[in-house]
């Protein structure tokens, strides 16, 4: 059978890749995608622990579903914001959107 | 090395590599498609974990909705940042280090934690029963009805907010995604 | 429905109506009076239901219906409030409900409902030319509140709740006397009424407190209906010598009655209260509120008469009560003889009739007092409403013939019987009842019972005084009727008077029926001829309240003959004296009495006397002593001294401590903050990812610290 | 082990299972493999036969509708026309436009076909004869639909052609929109059967759900037509507006794939509709003779496929805004209402132990009446509003949009 640690390492890898993307990509949409990656890693983690921890208890899946919902709304709102920013300033580069400073 | 492990390694590899491609591919559209592949891989892992419901939900919501939404956004904003443009900001080195360190730490923790080490078996569970239980627990007053309702409110808020923020163009598009 | 439930429900509709009118309905006149009359009508219906149910119960007096709930916990015991339904409250409820209903309906017509609003009218002044009252809705709100107070008072089962209702009525009386606050006289009258009754109320409150301290409860049942409490109260000596505790409490409570029921020496406010609209005069100052005083002492009768037994010698308290009552009866009657204003005459007659009842209570004639209370409520309300109708008619005449005459002066009237027949006949019946016209009217039976009681128990003095008062009553009543209705009109205004609307006349008729008919429920058995045809139901019913039922007094021709004599004689005299008074001619009595007449006309100069004896000194103390000396000199001086020293200390601290130390520190903080910000702001690049990176690095540092080193 | 003919497919499954277990694989893996294999075999077999046949059928029927003869040269009644077309398509040159994104360009048609074939994995042909009886079958259908959408968008974007992109955009907009009412009404059979598994749904249909939820069936039919992109919703390739939509640049077998995918898809709709609302393989005697069930199933499916063609050759194409209006202003609210009312009524019926079918039927009738009333009111209001305007755009839109409903 598949050891738990493999799953954990995989999710860790996914998460770190997503983190790298979030930190380094310039395009806001790309950042959003990376965030989705991280979220997926989290969900996968939840399910793994549910499966290996106590599959009789459904909580793990419920949590995963809630995270799905959050991810969906996050994507929708985030992209809406990106679009409106793009409309107003015609850029989606994260480090050009830096008006919020001294 | 049982067959399951083989399948797992295959899926895991696909997932991981496509995830990497998501963050490195210069073409945003490709990144989006790689993202789809990643999500599909995760869905496969769900199947492997005997959570078919979540697998399907993953496909419906992530591939069917979020990914397509993202690709839409890319198309709409694709005049910017073609492959010729810089894809990374000047923090990328720091980002790499941080990510690698984090990964190393996590892996280290996982490996030196005995209870998580190799050989731990998944427990048996009757998934079809679980699915019903999942459905009931969502509307069970003393279980998860509150998170459930909160999530629904959140979705509604996101729907309205998205429509409002991006009203002049594609007002309905953002709206659709949260069904 | 249970009796107690009904009793609980009875007071509520008026207060609801009050709130509804004040909050929502006040813009719409029709809706307002609809709500008010509807509310009082519901109360009326419930009261009649209660009455019908109650009179069916066998010796209801021994076991009345009570229900109460705890209100304010006070140590072990608790102040409760609740309802007590016994014959007394039933009877009270009966006449209160009828008069309330009648007067509410009357008010609609009185305030010219249905006429246009006259642009010339202003709030706070009576309508000039027959337009609708500017503050129509407000009036109904006030009288609804008043109705609530009265019903609470009648139904309450303890002294505190009774007092609450009592004070609500005081407030309403104040508001309604000053309803036309545009008139200075009304303003003065309202203040006068309020202050004067306040004097009585303070003493009453003292009595209540004293009673509570003695017995630990205020519930009627627990005090009045168990012997040992009464005996202990009667035997234990009071703080002031010579009196028993019961006696002192009784006196204090009685002072409350003196204030409320306008007994001498606190009677001065009632005549001035006639400044209010006539329904108010009828409602508050004839039928209900002033009766409340009597109702209260009837309610407390066992306590007042503690230590007295039927036929025995009177206790000091009772003597005081009887004396004041009898004196007031005569005194007010004499004043009433010389008044010109139609309403003032009635006001003084009210005082004197209340005096009758007080005297009756004083001599222990419980039933007689209650009986006269009810009958008087009916015929006096009738008389007031009648006079209101008369004034209304005459005012109408004044508006037609632009002749400026006082529309309340009886000497400007005359011959109105043709103009306003309904008013005339009802007024006549009321007048006869007031003067105790034999056999026919209710007034005769009640008054005769008081006289008989006084005579039978040998209170001769009281008897003769009351008899004299009765004579005068008959006299001034006939004087009033003659001047107002008989003879020829003395002014065009009177000539052009006209009958009032049905909303005003119907209540008159209803009340007239009671003014005549209600006497027949209380005909003593022993009465020759009529006795026993109708059983003396009233005596049985109300008498049942007392622990020891009062025996029906034996028949004696003397008081009967006396009362018949004084009634008829007075009426005859009045008619003879006033049957032909020319326009502008002075009052015939002036010739007969000479200077005495002036004294009477000026009410024995009581107002002036109070003015000099109390008001002026009070002003002086307030002005000269309190304000000028105490307030300005002593208190202000002290305060100013404090203020100056405070200023000096403050200035010192500021120069020595605040500026050099505190401010400097504050400035330093501000400056250094600014400097730091100038240095550090470079970090804030406005780039999200940079923030995120930094945040992650530091967070991970902290976490790793706790994982590796700490924990 | 003996092979009983009353339950052939079941025995086959058992045979395979034992075989694989014998190879020393563990249980879940075996299930997995069987699911994949079964789905593959079934879908492949069905579609390769049905596909070729369907093209011929469609063309024949269409010809009859349009009063033509249709293909009649190749083989008896031109039966082999489909094969001929296939050969032709394979032989044609395979052009990849300049500046196209090759990988994506080539993946797109595969995805398109896959998405359709995938649907067949959960379709129960007969008792025991089902690729994989997922307990979330219904949801699976929706998911695969999403993949189809993806293929369209990829094709449109990758072929580097503005018409293709426009077509893709509007198509995706439409597909995504119509997923909503479809998912919603898919809940109705789910609720009635108490399971999302296709087999369970079929077993639940002692009475066809068409009778218990006609409105839901109608909505499902409409929205799935839109999902396929068939007339009246064939805005995907609206020749008159965007030359051929997202697949304008495709040629040869790749185009063939798209076309086949479309044919399959509309055939699949028939199958799904049959399973969800027409009682699947159920019919007199099908319990005892599973093969009979297979016959029933195929018959019903072809009937529904015929209805689809019927609609296609009868209705004109509607404008994109009209389609959107129809979806958002009519289908989605209606679907919501259906779901809610059905849930409540079903609960009541079960608790009060009322007869289920009549109650649901009554509910649907009431729904229809109310809908009609609402539409009348809406149309009247619109007319009143539009009268003044010179260019009654909105009025027509709404009127046409609510027309089909």
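Letters A, B, C and D name the chains as they come in the text, with residue numbers starting at 1 for each one.
Rule of thumb we're sticking to: a contact is a pair of C-beta atoms (placed from the backbone, for glycine too) under 8 Å apart; a residue touches a chain by one contact, two chains touch by 3 or more.
As the structure is a computational prediction, the values presented were derived from the model and not from experiment.
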item: Chain pair, A-B or B-C, that carries the greater number of C-beta contacts; value: A-B
item: Chain centre separation (chain A, chain B; CA means) in Å; value: 6
item: Distance from the mean Cα position of chain D to that of chain A, given in whole angstrom; value: 32
item: Mean-CA-position distance for chain D and chain C (Å); value: 86
item: Whole-Å gap between the CA centroids of chain B and chain C; value: 81
item: Multi-chain contact sites of chain B, meaning residues that touch two or more partners; value: 2, 4, 50, 53, 57, 65, 72, 89, 91, 94-95, 98, 102, 177
item: Residues within chain C bordering two or more other chains; value: 687, 689, 693, 696
item: Pairs of chains in contact (touch as defined earlier), listed by label; value: A-B, A-C, B-C, B-D
item: Chain B - residues contacting chain A, complex; value: 2, 4-5, 8, 12, 15-16, 19-20, 22-23, 28, 31-32, 35, 38-39, 42, 45-46, 48-51, 53-54, 57-58, 61-62, 65-66, 69-70, 72-74, 76-77, 80-81, 85-89, 91-92, 94-96, 98-100, 102-103, 106-107, 110-111, 116-125, 130, 133-134, 137-138, 144, 147-148, 151-152, 154-155, 157-159, 161-163, 165-166, 168-170, 174, 177-178
item: Chain C-facing residues of chain A, complex; value: 19, 22-24, 31, 94-95, 97-102
item: Chain D to chain B touching residues, read off their complex; value: 25-26, 28-29, 32, 101, 104, 134-136, 139-140, 142-147, 149-150, 153-154, 157, 165, 169, 172-173, 176-177, 179-180, 183-184, 324, 328
item: Chain C - residues contacting chain A, complex; value: 681, 684-689, 692-693, 696
item: Touch list for chain B against partner chain D, complex; value: 2-4, 7, 27, 29-30, 33, 36, 47, 50, 52-53, 56-57, 59-60, 63-65, 67-68, 71-72, 75, 127-128, 131, 172-173, 176-177, 179
